[in-house]
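All chains are identified by letter, namely A, B, C and D, in their written order; residue positions are counted from 1 within each chain.
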Amino acid sequence: MFRQTSRRRRRCAMSALLRGIVAYPITPFLPSGGVDEGLLGKIVDDMVTAGVHAIAPLGSTGVLPYLSDEEREHVAEVVIQRVAGRVPTLVGVSSLTTERTAHHAKHAEKLGASAVMIIPMSYWKLTEAEIFSHFDTVAKGISIPIAVYNNPATGGLDLSPDLIARLLKIPNVTMVKESTGDVNRMHRLVQLCGEDVAFYNGSNPLALAAFVAGARGWCTAAAHIIPKLNIELYDAIQRGDLAAARRSFRRQLPLLQFIVAHGLPRAISAALELQGITVGPLRAPLQALPPERIAELRRILVGLDVVS
Amino acid sequence: MFRQTSRRRRRCAMSALLRGIVAYPITPFLPSGGVDEGLLGKIVDDMVTAGVHAIAPLGSTGVLPYLSDEEREHVAEVVIQRVAGRVPTLVGVSSLTTERTAHHAKHAEKLGASAVMIIPMSYWKLTEAEIFSHFDTVAKGISIPIAVYNNPATGGLDLSPDLIARLLKIPNVTMVKESTGDVNRMHRLVQLCGEDVAFYNGSNPLALAAFVAGARGWCTAAAHIIPKLNIELYDAIQRGDLAAARRSFRRQLPLLQFIVAHGLPRAISAALELQGITVGPLRAPLQALPPERIAELRRILVGLDVVS
Amino acid sequence: MFRQTSRRRRRCAMSALLRGIVAYPITPFLPSGGVDEGLLGKIVDDMVTAGVHAIAPLGSTGVLPYLSDEEREHVAEVVIQRVAGRVPTLVGVSSLTTERTAHHAKHAEKLGASAVMIIPMSYWKLTEAEIFSHFDTVAKGISIPIAVYNNPATGGLDLSPDLIARLLKIPNVTMVKESTGDVNRMHRLVQLCGEDVAFYNGSNPLALAAFVAGARGWCTAAAHIIPKLNIELYDAIQRGDLAAARRSFRRQLPLLQFIVAHGLPRAISAALELQGITVGPLRAPLQALPPERIAELRRILVGLDVVS
Amino acid sequence: MFRQTSRRRRRCAMSALLRGIVAYPITPFLPSGGVDEGLLGKIVDDMVTAGVHAIAPLGSTGVLPYLSDEEREHVAEVVIQRVAGRVPTLVGVSSLTTERTAHHAKHAEKLGASAVMIIPMSYWKLTEAEIFSHFDTVAKGISIPIAVYNNPATGGLDLSPDLIARLLKIPNVTMVKESTGDVNRMHRLVQLCGEDVAFYNGSNPLALAAFVAGARGWCTAAAHIIPKLNIELYDAIQRGDLAAARRSFRRQLPLLQFIVAHGLPRAISAALELQGITVGPLRAPLQALPPERIAELRRILVGLDVVS
């Protein structure tokens, strides 16, 4: 009973904490293949300095599933230490198996993560009972909040709003990142869970519609390149300035469309390179964008005044 | 040259005219099977009195494809006469063949329609060249503006934003009704055609997101039941009052979801019956909603205070 | 009771009758726009002479939905008279409304059709109850057998094997033409209805797999061009000669793939023209194939020795 | 040059070798969570004794992606030793990263695998260039043949016939397992690569159609339960006895449909349990079938006379 109450308090605290621009760093690699922790630290630092509201290592952008267990733990440590409590950290801990997911969740908690994020991944399609049990088992092993991450395009499983609503009844499952790109899912979540449901948008081109639908935050890798514009959109929404929000969104949209169309790790790495930051190779089978795509990206970045 | 200029002027005039809530009346039938023109007139009258900004007979809601050519012409005449210029009329003139579409478009113009709407329909999937030629041929035969209607769920063809942008270069093709329910299509249209592109939303649950994306109007059958709420949402957006818009939208949403889930003609007929208006049979193969759905609809209408 | 028995007897008779290659003629048009009944008669005659086992006017190939009611009745009459009982006729009678479908079914019966075929068509998606009632109403008005035609790619509705099994319990609904291209549907039909279920394949590239799965016939427009090869495949299957069947099928496959990829009316018209038969214009919005496709088709026809 | 020739010779040898029923063992677990190598050995032994033509450990059935690197290597070793050259072994070596895939491929070769199978897996969707390079890199590191495995339902990537044809030009990429369940893909492969292309069917309910289309083998987990029937179907096809093949296939079909509908590891584990073999827990998040599904499976097994 007490534990429940204490959990709820923490949950409310987290809900209050996690708002605005949640920035997803890439995991940069050295030419030798290992994680480039120097560049990772600099990227995280730049994001925090630019004013983003939270840092989320080991997301899709961070190529979580392509890392070894040791690399994952190392990335989490580097990022949490670098952030040093300046903003909340939301650490990705997903694995195909429940056992590995629980392991990484506990490890993130020990490192001081503010919360963890879990995308249920498929090789075999999971039943709803299996997905529920997966979250429930992991949740029982930690005390920090969990964000459910729904992204069928990468994880291969689509969680219905009804299932998400059920998952949100597990005590420390308190947040949802919706990346289907369907604003109707968000309205449905509000209908099922109430206006206080803490949902976040993970589909970049949906940023405006999602904020209007009530999203608390926008999970984005665009904050590597245009953090000020990302924050500008959030601020306009906070002020209720629809015209300014629409103007800011339209300015960002070409970049948002590009990074989604070509894959976040590929697109963000190329954009950083265009800004003069040397990023090592992607982890194979992922490859760098071809030259014609890089030229297209350069035109977009020039239009945004972030490359001259 | 002159004709072009005059067309553009008319086009601008229409763009200015057609804004806000575009109401789509059902086509009610008599027990004997024919069109119930008395009820049709009353429905249209009620909508105009309630303050909707335009009337669009012979849409999907009006079961256009299920009517004979004679019935279609009759419905257009009844509605245009009843509206009597109080608001613009947007008349559906689609047929599978180009020849029949052109025929109905000319007839609507003769009757005094403000504009016509055309959804390219498929039995055989059409190529882009075929769709373009279909619109171009019809457009050459009339002087009033044409709205392209994109609704793959009913018409069976999905017009890409790029194709729509090409269609909008045909002189009197000046408007687009987008019913895919994907707000990204709307942003893409603005990117391709500029901020002045006259697009309208035809997906009811997308009403809020579409207005925020810049839609000029909302094409809806909900105006049979909740015209004041539909107008309230539009007005809130016009004022830039995001909080009020969201509140109004959330109130309407259960009805919008219901009418889309169960088919507009079925759902609207049932809702009118629940309000005490005797609507005749649907045209077979369409059938009335089953009792359990009607009970669900009643609960929604009670929640909206339109049924006690 | 007697009527039931008599119906069953007729049903069995029809099941015995309709086997093998069911040829679907195009509806050719005159430059003036009307039906070219002279060419239609010649096409039908050539098919029967070549040895096909049945003729099916007013199918998808015959652009049924693009014809007026009068044209439809005329085409049915021309074809039935020309066939003159040499082989069975299966006449397409589908309309969006139940009333028009029933009307055409009765008319076909009066003209002497052996059976009618009905594809439930959608503008509004139909419920299973609506589809069942549609067939049941039409069936009650005629005494000849009905074939259910399932082709979601054109009709917009997908009938599950379970629904088809229910439709086959309506006394004179005795046959199914499956055009989804999924051989598993056919196995499922056999599981649900028994080995004697009279199913026909309407997906050209599935011809071999469907016969192996137990299809009684192959509904095809390819019989305009390669009737002998179509019959050769059927005969090989009848003899149980798998190697010959596979060889014959592989020879036909490029043409089958082409006509499906580019639309039967467009592709067959072009193939007839390449064989020196003057076919008039397609009915707009359908257009003739572009030159590069015609060149591709010519290469296929040369490979089949039907064009030199 | 010499290496190339020698590779081709080996390739032909393998093509000759790998035919018929390719059996996919599950990876059974102990209650403590580790691999139950005793039961794994027994399962493999039973399959070989029953007459299957090849053994393929570490497939989807063997829950490859849910195993640690150490477990994978151990399973490969146990199976290859137990088979002891009696039939060829086809070892799954797929990982998300190219580096890990190459590592496992080399390890399998060292253990004496006859060939390896690779399914390109997605978290981020891969481009065709990335998929090609993934196979090419792995292929360069080993001398034994590689089978491309296409299964978008599990791997999340769909390889087109054109891409598969390109992959088959990499010297030791010599085989394809197609699991899309679309027989047209198989015909397309033959058109692109010639009649000698070594393709195998991985979609259980497509077994009959695939053999008729020319598949060399059937990759199946059903060989845990009904190996004699699997072989009977293959033998009937080899004899060209279409009627016997169809009869055998229809008998097996309910089980094939069930195991596909409910997931191979879940369904096969339950079927073994129903036969009195104690199988440990599935690896979470995968869970045992619920009781009503097990009852359904029992009825199917009783119908097949493998459970009384």
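The working rule: a residue touches a chain if its C-beta (ideal position, glycine included) is under 8 Å from a C-beta of that chain, and two chains touch if they have at least 3 such contacts.
Model, not experiment: these values are computed from the prediction.
A.B. asks: Would you kindly say which chain has the C-alpha centre located farthest from the C-alpha centre of subunit D?
C.D. replies: The chain farthest from subunit D, judged by C-alpha centres, is B.
A.B. asks: Could you grab the centroid distance between subunit A and subunit C? Build each centroid from C-alpha atoms only and quote it in angstrom.
C.D. replies: 53
A.B. asks: What is the distance in Å between the mean C-alpha positions of subunit C and subunit D?
C.D. replies: Inter-chain centre distance comes to 39 Å.
A.B. asks: Chains as vertices, touching pairs as edges: which of line, ring, star, complete or other describes this one?
C.D. replies: ring
A.B. asks: Please name which positions on subunit A make contact with subunit D in the complex.
C.D. replies: 33, 60, 63-66, 96-99, 120-127, 129-131, 133-134, 137, 153-156, 263-266, 283-287, 290
A.B. asks: Considering the complex alone, what residue numbers of subunit C touch subunit D?
C.D. replies: For subunit C paired with subunit D, touching residues are 181, 183-184, 187, 190-191, 205-206, 208-209, 212-214, 237, 240-243, 245-246, 250, 253-254.
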